[in-house]
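Several structures are given next for inspection.
Two complexes follow with chain A in common, the first pairing it with chain B and the second with chain C.
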Partner chain A sequence: MAVQFLRRAALAVLLMLAATAMTFWLVTAAPGNVAALIAERAAGAGADGEMIARIAEDLGLNDPLPVRYARWLGDALSGDLGVSLRTGKPMAEEFAERIPMTLALLAGGGVLALILSLVMGIAGAVSNGGIVDRLLHALALVGASTPNFFVAAMLVIVFSVWLGWVPTFGVSGFTSWLLPWFTIALFPASVLARVVRVNLQEAMSRPFATTGFAKGLTRGAVLLREALPNIAIPFMTTFGAQFTLMIIGAIVVERVFGLNGIGAFFIEAIRFRDFIGMQAVLTLFVVFFVSVNLVVDLLAMLADPRMRRPRRA
Partner chain B sequence: MFKLDRRSFLAASAAMSFLSAFPRVALAGGHGDTVRVAIAGETGDLDLLQNVSTLSTYSAVFDGLIHYGPGGELQPGLATAWTVADDGLSISFDLREGVTFSDGTPFDATAAEWNLKRWMGVADFSWIGIADAYDSIVIDAPNRLTVKLKRPVPAALLELTIVRPVRFLSPNAAAGQPVGTGPWIVESFSSTVTVLVRNDAYWGDKPAFARMELKVVPDELARANALRAGELDVIGGDWVAPLSPRRAKALAGEGMTIVADPGTATTILGFSPKSPMMQDKAVRDAIFLGIDRAAVAAVLFEGFADPTADIFPTTVPTAGTRTPVPARDVAAAQAALTAGGWTGDGAGWTRDGTALEIDFLVSEESFPGSRRIAEMIQGMLTEVGVKVNIETVDNATMHDRRPNFDYDLTFFATYGAPYDPHGSLGASFVTASDTGPDGKIYVHPDLDVLVATALETGGEAREGAMQAVYDWIRDNTAASPLVVTQRLWAVHPRVQGFSLPATDYDLPFQGITLG
Partner chain C sequence: MKNWPWPILAPAILFVLIGALAPLLMMHDPAAQDYGALLQGPSGAHWLGTDYLGRDMYSRIIGGARTSLVAMIFVLVAALAIGVVVGSFAGYVGGRVELVLISVIDIALALPSLVIALALMGVFSGENFAWMSDYWKMIVALTLAWWANYARMSRAVVVAELQQPYIEAARVMGASHLWIFSRHILPHVLGLVVVYASADAGALVLAIATLSFLGLGVAPPTPEWGQMLVDGMQYIEEYPALVIIPGLALTAVVVSFNLLGEAFALQKVPRAVSGRFLARKKAARAEEEAARSRG
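And now, the complex of A and B:
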């Protein structure tokens, strides 16, 4: 298993390198004069051609792309992700300030998605075609097809503006997190609920479930004791994928709820064409995606002996 | 199939009624003597020499020698009086006595000299006339100094009212610490909120409330919702936390106070002087006449804009005589094209085998809402028979193409008070000026001479020299002014006495009382 895991880890490193190279190329190849933007930011109406040329030279913007990437990679590996062109702060400082906010959003949203999806999926399976099952099916469909900015706006209007139960923006206590967590959890919870429901249904038709019924167990007992453990692997892998996608949702959710996280920074970086900031955040996203998937792979290997066996040609 | 029976319907209705009747929790309470103002981006450390921090916060913390009053009136700031020598080569300032920075450092001629020398004569600030013409500073007395210049700068006093770098920092302030003489002291700043507390030792009128929190809320809808929920007291201002006209209309209907004052910056449709099509005055005339400015102001700005045919509004000094705003006249526009040798009608125009077709460069990032305005203008010009192709690009591309005049039509805006009229004229209408990514509205050798003369002319002759520039621009249809957008703010009912300062770059707080 260790060999299997190391092989996947090595693959993950290669994937990260390829992804950072691609994002670097995409970020720098986009049209527009970054040096001009920086000059305007630095000197306002005083920005002139000489200043723009000097900035381009200082930032190495005139060097060939591979040279720039190699320089960036070397710095990044030594922990230097550069200085944000927008805020003027080192990216390490920006990350230190903002990552806890994003992690809190993702962690809370992830836990909520996990709980909601299991409750909805199991309740649907128990109901099995009844009114609850159909209602939850409809709810999951709505949740999976409603954009999170719309969900956020509706939640804010009802719970913050009309009822005044929770703040509209920022973090000022536990209640501040409720709407952002629910907003970011709704889509993955809806998708996962269907995964739980469908896999439970499939598991309930397998021989071990029939044996359970033959022993006189109730439907609920068979679901929880026999079927649920059997859907762990598909649930875990889907949850991993959905959890990584939540960081995309964080970009919108953080902005709408005024949370000072990585997603909010990324939007501003795009608007300003802060290519150093964009590249650093995209690198963080790549590391997050690959790491979460690696952890999910590891957990799946631990849970299922079949996944630990080496593949045969 | 799911069926909604009578019992379920009644139960759902009862639940909704219960929810809506639930007493609203007063989350917004407990802010007492604090005004909470939305800002779209963090204020930063208010470094006077960098163009990074939010412009609007400087005036709360730092004073200048001269303050900008309504209509460009020069008001005493840290200087109580000033004298410009007859030859214009020196300006003496009587400094206000008894003023201290909020760290206790006295403000005197030595502190003033230290501040002025940080930017006067420094190459990065050569865009400021008085910095470029700087020669030396002489301290005449502990509270009097004289700035000597290599050449006269007629707009020098107005330049001393701008936001940065001209305001005064305590010479003893540690790096990154914004310490001024202004009405507010920075208690703390972070990427989410900047807290200002009243400077009780302020030399001028002190604010009526003790604390101001500048809360970072980047999203406009979130700002509006926070105002509705009572979590914010003030939102708006182009340089603070922009409020769209449509949102303002909605908030007005929900009990919020909307404050809309005449603006100081003009939105202008610029013609590329390098575009062969736009070099034809007949085409420029047709566009000028074919646009319904009143409709643009009424429909796209919900009435929060004033149609104009002049480069500068009357809210900036020496803005010139007023040009009547032309009513849209399709026939006159077509007649202009015919007079220019074009043949055709509402279906299209040609001359020497070339079809009249123009590219309209637009960037939503550079100018939010510009795509909608461009589409409206496209529709209007289509009726004239002018084919308009709208090209939407990002901010960086706009910054690349605009300086190269790589467009036929695009939007510009004048800088507004306190930078105008000298700022926009000197930067946007002069061939030799280097405006970097901003580009220029229009340039022509004849215009260069007129603008140079106007900017170098002081005294009573200045108004006439400025008018000559405006006349040339109008006679040659060198640009097509559209509207002056109003300065738009929304205020929670608990805030009373809200009024706007003279420029968009100042934070409104004077006169505010809390109900």
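And now, the complex of A and C:
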């Protein structure tokens, strides 16, 4: 068990290294000449060849790629992710300012998705083919198909423009978080609701459910007491996958609602060719995705004895 | 085919037809501005009204369908081709080659496709890539972000299929690798992958619109729904139709493609699961089986 844990964790670290190396290679391949970009930002059009050459020498841009990656990795591990070409501030500072915003978005959206999907999935299973079930099925389909920027726009039109309940832009107080949270929760909630619904249905046809009925339990009681614990693992793994995908929702939502998070910074970095900022954000994303997947896998191992399978001969 | 939800598939079919026939259907040049007719409601001359530059919304919606359709087809075909070739090769050859290719696939799947596409758009904005137009940058970025799923799936199918006794029988009878692969294995791979692609089409239309919405896809003069929507956001208080019309078009098409995927999946197994979920489950099962038999 411990060996399995360790092996899975080691794999995650390897994946992080490989993925950051890949992004490093891609991002450094792009601009042609980072030194020229830096010189241009520093001295405007007045940057001459000599200045560019000096910057390249100072930053070690003439070294071979593996050397540069190793140096970047060493710096990154000690918390130095470089200086943003766009804002001129160290990336560590930018992160410290912006990560709380994005985390608040993800946390609120995640909790909302969890609650919505369980309520929708269980309500569907209770109704079992009835009108509620079919309505929720349709709702989940639409929820999983509506672009999140359109969801955000419609929420703004209805709640800000027509009803005037919440501000169109920015966040101030709890109510202003509701639209962004709902926007990023809708897609994962819809997907998860289907997972809950389908797995509950399957669990209800298993022998333990039959036993429950035989003991005289009502359908609702069997559903909640016997079937529900059995969907924990598919629910958890799908939730993990959906939670990582919520970062895309966060990128869109931050843009629509004008929030100053990591997603907004990423888009600005791409537009302004801030390759150092891009590399830093991508590293953050890789760490986030790989660790969420790691945690989900480890939790699944803990929850399901079958996943802790020993090595086969 | 009898039980398919035909009425709901209409948007997908319409989307393809409209996209294909766009030049015949447009009543105005979608880029033509008319300052005498700004932000007008629907009329005989402008069926869906006009936007803030007096451009005909109906023609822009039609033009947007064509933009998305063409990009979607390019990306799907290219990603599918790369994925099937890389995945099947890895699965069939096995050994160290397989290990290397799997690692590459796993790295490519370490980030969500759209984040990779965004990052690639950033990379392509560098001066080394100035020779590509924005439209082609988007297509290449999406292809590079999209192939890995198909590769993983193809590999899983190949590995599972190679376990079948009939493959061994064919080998004993002296069939060449090429024969075994093209006659016996490829049809299985394509069968699954094409089903997955039909469900994926919706996700791809969405990705194209999202990139454009973020200002990193199709650039302004070309009509595109996501970009029309973000363009209309500045008039959201006075004239929300500029946001609602492209949004509804986009949603209808994606719902429709997702239903198509579900319908495909339902032909194979009589259970209410979506195509994507099913394909993933199938791939996971194949992978597990392969791992088990390898020991």
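Going forward, the second predicted complex is superposed on the first by the 275 of 313 C-alpha atoms of A that agree within 3 Å, B and C clash if a C-alpha of one lies under 4 Å from a C-alpha of the other, contacts with A are read in each partner's own complex, and residues count from 1 in each chain.
The criterion applied here is as follows: a contact is a pair of C-beta atoms (placed from the backbone, for glycine too) under 8 Å apart; a residue touches a chain by one contact, two chains touch by 3 or more.
In this text, all values refer to a predicted model and were calculated from it rather than measured experimentally.
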Exercise. State whether A:A153 touches chain B only (first), chain C only (second), both chains, or neither.
Key: both
Quiz item: Which of the two partners, first being chain B and second being chain C, lies in contact with A:L163: first, second, both, or neither?
Solution: first
Practice problem: With the two complexes superposed on chain A, say which partner A:G258 touches: chain B (first), chain C (second), both, or neither. | Solution: first
Quiz item: Touch check for A:L15: first (chain B), second (chain C), both, or neither?
Solution: second
Quiz item: For A:R134, is the partner it touches chain B (first), chain C (second), both, or none of the two (neither)?
Solution: first
Quiz prompt | Which superposed partner A:R271 touches (first chain B, second chain C, both, neither) | solution = both
Quiz item: When the two structures are overlaid on chain A, which partner does A:A39 contact: first (chain B), second (chain C), both, or neither?
Solution: first
Quiz item: When the two structures are overlaid on chain A, which partner does A:G49 contact: first (chain B), second (chain C), both, or neither?
Solution: first
Quiz item: Just chain B (first), just chain C (second), both, or neither: which does A:G88 touch?
Solution: first
Self-check item: Contacts on chain A seen with chain B and repeated with chain C across the two complexes
Solution: 30-33, 153, 156-157, 161, 168, 255-256, 267, 271, 273
Quiz item: Of all residues in chain A, which touch chain C in the complex?
Solution: 15-16, 18-19, 22-23, 26-27, 29-33, 137, 141-142, 144-147, 149-150, 153-154, 156-157, 161, 168, 194-195, 198, 244-245, 247-248, 251-252, 255-256, 266-267, 269-271, 273, 275, 278, 282, 285-286, 289-290, 312-313
Quiz item: For chain B, which residues are in contact with chain A within the complex?
Solution: 2, 19-20, 22, 24-28, 41-42, 44, 50-52, 124-128, 191-193, 215-219, 221-222, 225-226, 228-231, 365, 393-400, 403, 415, 419, 423, 427, 434-438
Practice problem: Can you check the complex and tell me which residues of chain C touch chain A? | Solution: 103, 106-107, 110-112, 114-115, 118-129, 202, 206, 209-210, 213-216, 226, 229-230, 233, 236-237, 240, 243-244, 247, 250-251, 254-255, 258-259, 271-274, 277, 292, 295
Quiz item: How about chain A: which of its residues touch chain B in the complex?
Solution: 30-34, 36-37, 39-52, 87-88, 97-98, 131, 134-135, 138, 153, 156-157, 160-170, 255-258, 260, 264, 267-268, 271-273
